[in-house]
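For reference, the structure is listed below as structure tokens.
A, B and C label the chains in the order they appear, each numbered from 1.
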Amino acid sequence: MAHPAPETLHAAFRAALLAFAYPGRPRRAPAEAGAGAAERNARLVIAAAFDDGADPEGEGYVFVPPNVPPAALVATAPRGSEEAPQDGATIVVAAAGDPARTRVRLSGPGIDGVLETLLPLDRDTLAERALACCEPPRGVDLLVSCDDGTLVGLPRSTALEVVG
Amino acid sequence: MGEFTDVTPSLSKRELGDLARRGGRSAGYRFAYLDESAKRDVRRALLKAICIPGHQVPFASREMPVARGWGSGGLQVTLATLVAQDVVKVYDQGDDESMNAIAIRDLIRRTAGVATTTDARAATLIQTRHRIPEDALHEDQVLVFQVPIADPLRIVDARPSVTRRLHAERDYAPIWLYLYEDLARRDRSSFSHSHPVLVDGSYVMSPSPIPRHDVPRLHHAPFLALFGAGREAIVYAVPPYTRVEPVTFEDRPFETERGEAACALCGATATFLVEDDATSEHRWICSDVDHCVRTRGGR
Amino acid sequence: MGYTTVANREAAVLAAAELLASGAPADGDDELSRFVERYPLAVDQVMAEAGIVEPRVCARAFAQAQGDLARAVSLVRAWSAMLPRLAHRRTSPQDWLPLRRITPAFAEPSGGQFLGASRDYERRLLDFDDRSAARAGLASPRDGAAAAPSSAANPADGAQLPAGLPAANETLAAEGLVAECERARPDDITRATPSKTERGPFLQSLARAETGALTALAYGGIRGYGGRRDPTLVELRAGEILVRFERPDTGQPFVVGSFVATYAEVALYAVHESGETDAAFTLGTGVTPGRVERRAIASALLDAAAARAALEPDGARAPYDDREFITLTVDGQEASGFVEHLKLPHHVTFAAELERVRALRPSPFDRLRVTRG
């Protein structure tokens, strides 16, 4: 397969950046909706910001492939240090097909008031995330890519409450 | 004596293959000028910066066609962040026609083919030196600030090794002390531009040398604010809808530079004004030139 | 999802080798080559501060910048920033093909001293004879260098330098007279963000530093603005470095190019006042591409001073001994860019400051006096 065009990588990065800027709100990413879009967009983001693909050069990210429960990978991902919280991982989840979703209430940076939404992440993953982010500013940042061609961001700065 | 241990090669097979195919030469500019490793370095840092509001994230800043101290950081952020459909505004202390703004805008346009504008309402990405547009801005707009001195604690200690530790511990006593001494001695704060702000109740940040007039615009803003310091090799960010509070004692409310004058050209009383002594009379005019022109034209 | 891989690895490596050489033959007949030949030390200075060995590119930049060295370095650095990094290679000064080697610390070092091509002992008198201007410029590094065992007075003719020379500090090290110092890691500071207080990034900063800044800081340190200490140059060595690559298929080594570099080693004599540490010399090293020797000597002085200060128990640093202060000060591009950025419009920031100055005077105390009066 050919290496993606630079314009596509730019679009993928911009989508990821805005996904983290407005947590919980899906952003359109370059690969069109359909089977395989979740993984395609996830890999575009990784290629744009982390990793050349042929020889891994990037650190600081964890890729969760389709049909792999993210919880275990969230639990072991690096969280950074007090002086270098940016060493905490960006976890890119390719949530293919019809992923488990959790209804949540979100607040914090990027959110005007409170946002109630259905996140494409299961409760176990959210529990591991809460643990990983319990000593701010250390933590991990999740980016979920779905087959509808969107990205949803959940930075460590977002306060999250599971509803119901 | 300094000896070196062996290090593995750092060029990927794909990049080497590309080189071989091009016979070692590059034809013209890449899209958005930067090479892919430079873009990845900035982007990695920005993704972290946006998730840790106000925290200074180091990045491997590249040498640019624009000198260090002249916007090389803002430029790297803009080039790594833009998309082909962007409409880009670049302006400098309120002026789109400053020589440096023109040079930067020109490089962006030539290497990325994006449309450009002077109208902040139409821009999707705005690279700015030391001003926030007077216009009301909206969601999804990206503001890229050029930053000369990234660390607000520079005024209390020149050593990054010390201030890094202060930030890590969120020990901001030195800056409170600085402010206290001002108030005790002069009854007023001496912070002018670059007023230190507390972001999300956590890190103290420099909003870049914007005037105090612009600082409240950062608080709970609909737009995304990215800050690039190329010489110091640091980026930081403030997401939209984030608390940005000027460092000030409760009983000494934050004041802007507001005076009584109105713009001699457009009559505005709520914009940031600068003095104009070009004519025989001393007068005040808007720093935001494009906004002023549009106000005069009734747009 | 996959990416294209190298179809022909041999071609790739050869292309990489071609990249390392300049676009045209080094000894061409055109104006750039003549410039390199006439003003090799100006070219060396641009190359060193730009951090890349490309004589013709640096000559071109110097001309485009109308002789403004800082601007020339800007041009070259911006160009080289977008070049891919191919590999790192390890080299020891003892392996360089020697062009010059002097040891002020030792009268008769192992291997001998060789003055080489140097103008050190010429009288510094302006020569107004136009015919000599045509002969100006150091002998090219590839010309036979002169051998002068022991006495560094006049270069003898024709003597060949040995293929390698041992390090002059070997006797010191053998006797255990050298203080234990931090090893340097070869992080590429243009591609990573290592701590500026570690020795490796510090040495790389010095290798790319602005020549005047290096000299000024080293001088300030010797003058006593650092801790009191006396430096001696153990060794100054100029040599040609052959850059070797291995073919990825056969592992057979081949030379992709070469360049001249200068290496200096300084010994600091200082006995701790606390008397806790054994008396020992601290060694500092400095390297520069090209032949601008004060770059290497100043770097070695700064490295030695910082290394010595790092051994001090209380950790306080005079700026001249402080790696953090030095690395933040010596980059010519950061310094000249920021100093000159003051020419940019500052009317908004100055207006903000004017407002404060007006607001902050008179003081409340004065206002009180005025009302009463």
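One rule holds for everything that comes next: a contact is a pair of C-beta atoms (placed from the backbone, for glycine too) under 8 Å apart; a residue touches a chain by one contact, two chains touch by 3 or more.
Please read all numbers here as calculations on a predicted model, not as lab measurements.
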- Of all the chains, which has the CA centre nearest the overall CA centre? B
- Query: Would you say A-B or B-C is joined by more C-beta pairs in contact?
  - Reply: B-C
- Could you put a whole-Å number on the gap between the CA centroids of subunit A and subunit C? 44
- Between subunit B and subunit C, what's the gap in Å when you average each chain's C-alpha atoms? 33
- Message: Quick check: how many Å separate the C-alpha centres of subunit A and subunit B?
- Response: 26
- Item | subunit C: positions in contact with at least two other chains | 3-5
- Task: Scan subunit B for residues touching two or more other chains and write them down.
- Result: 10, 13-15, 30, 37
- Spell out, as numbers or ranges, the residues of subunit A touching 2 or more other chains. 3, 52-54
- Note on the structure: Residue positions on subunit B within touch of subunit A in the complex are 10, 12-15, 30-32, 36-37, 39-40, 43-53, 55, 57, 80-84, 139-140, 164-165, 168-169, 200, 202-203, 220, 222, 224, 238-243
- Show which residues of subunit C lie in contact with subunit B when the two form their complex. 3-8, 11-16, 18-19, 74, 77-78, 80-82, 84-88, 90-92, 167, 169, 183-186, 188, 190-193, 196-197, 199-200, 203, 265, 283, 285, 303, 324-325, 328, 333-334, 336-341, 344-349, 351-356, 359-360, 363-364
- Task: Mind listing the subunit B positions that touch subunit C in their complex?
- Result: 1-11, 13-17, 19-20, 23-24, 26, 30, 33-35, 37-38, 41, 58-60, 62-65, 67-70, 72, 92-95, 98, 100, 129-131, 148, 158-161, 185-188, 190-193, 209, 211-212, 231, 233, 257, 259, 272-275, 287
- Task: Flag every residue of subunit A that touches subunit B in the complex, lowest number first.
- Result: 3, 6-7, 9-11, 13-14, 16-18, 20-22, 48-55, 57-58, 60, 82-83, 85-86, 88, 90, 108-112, 136-137, 139, 141, 155-157
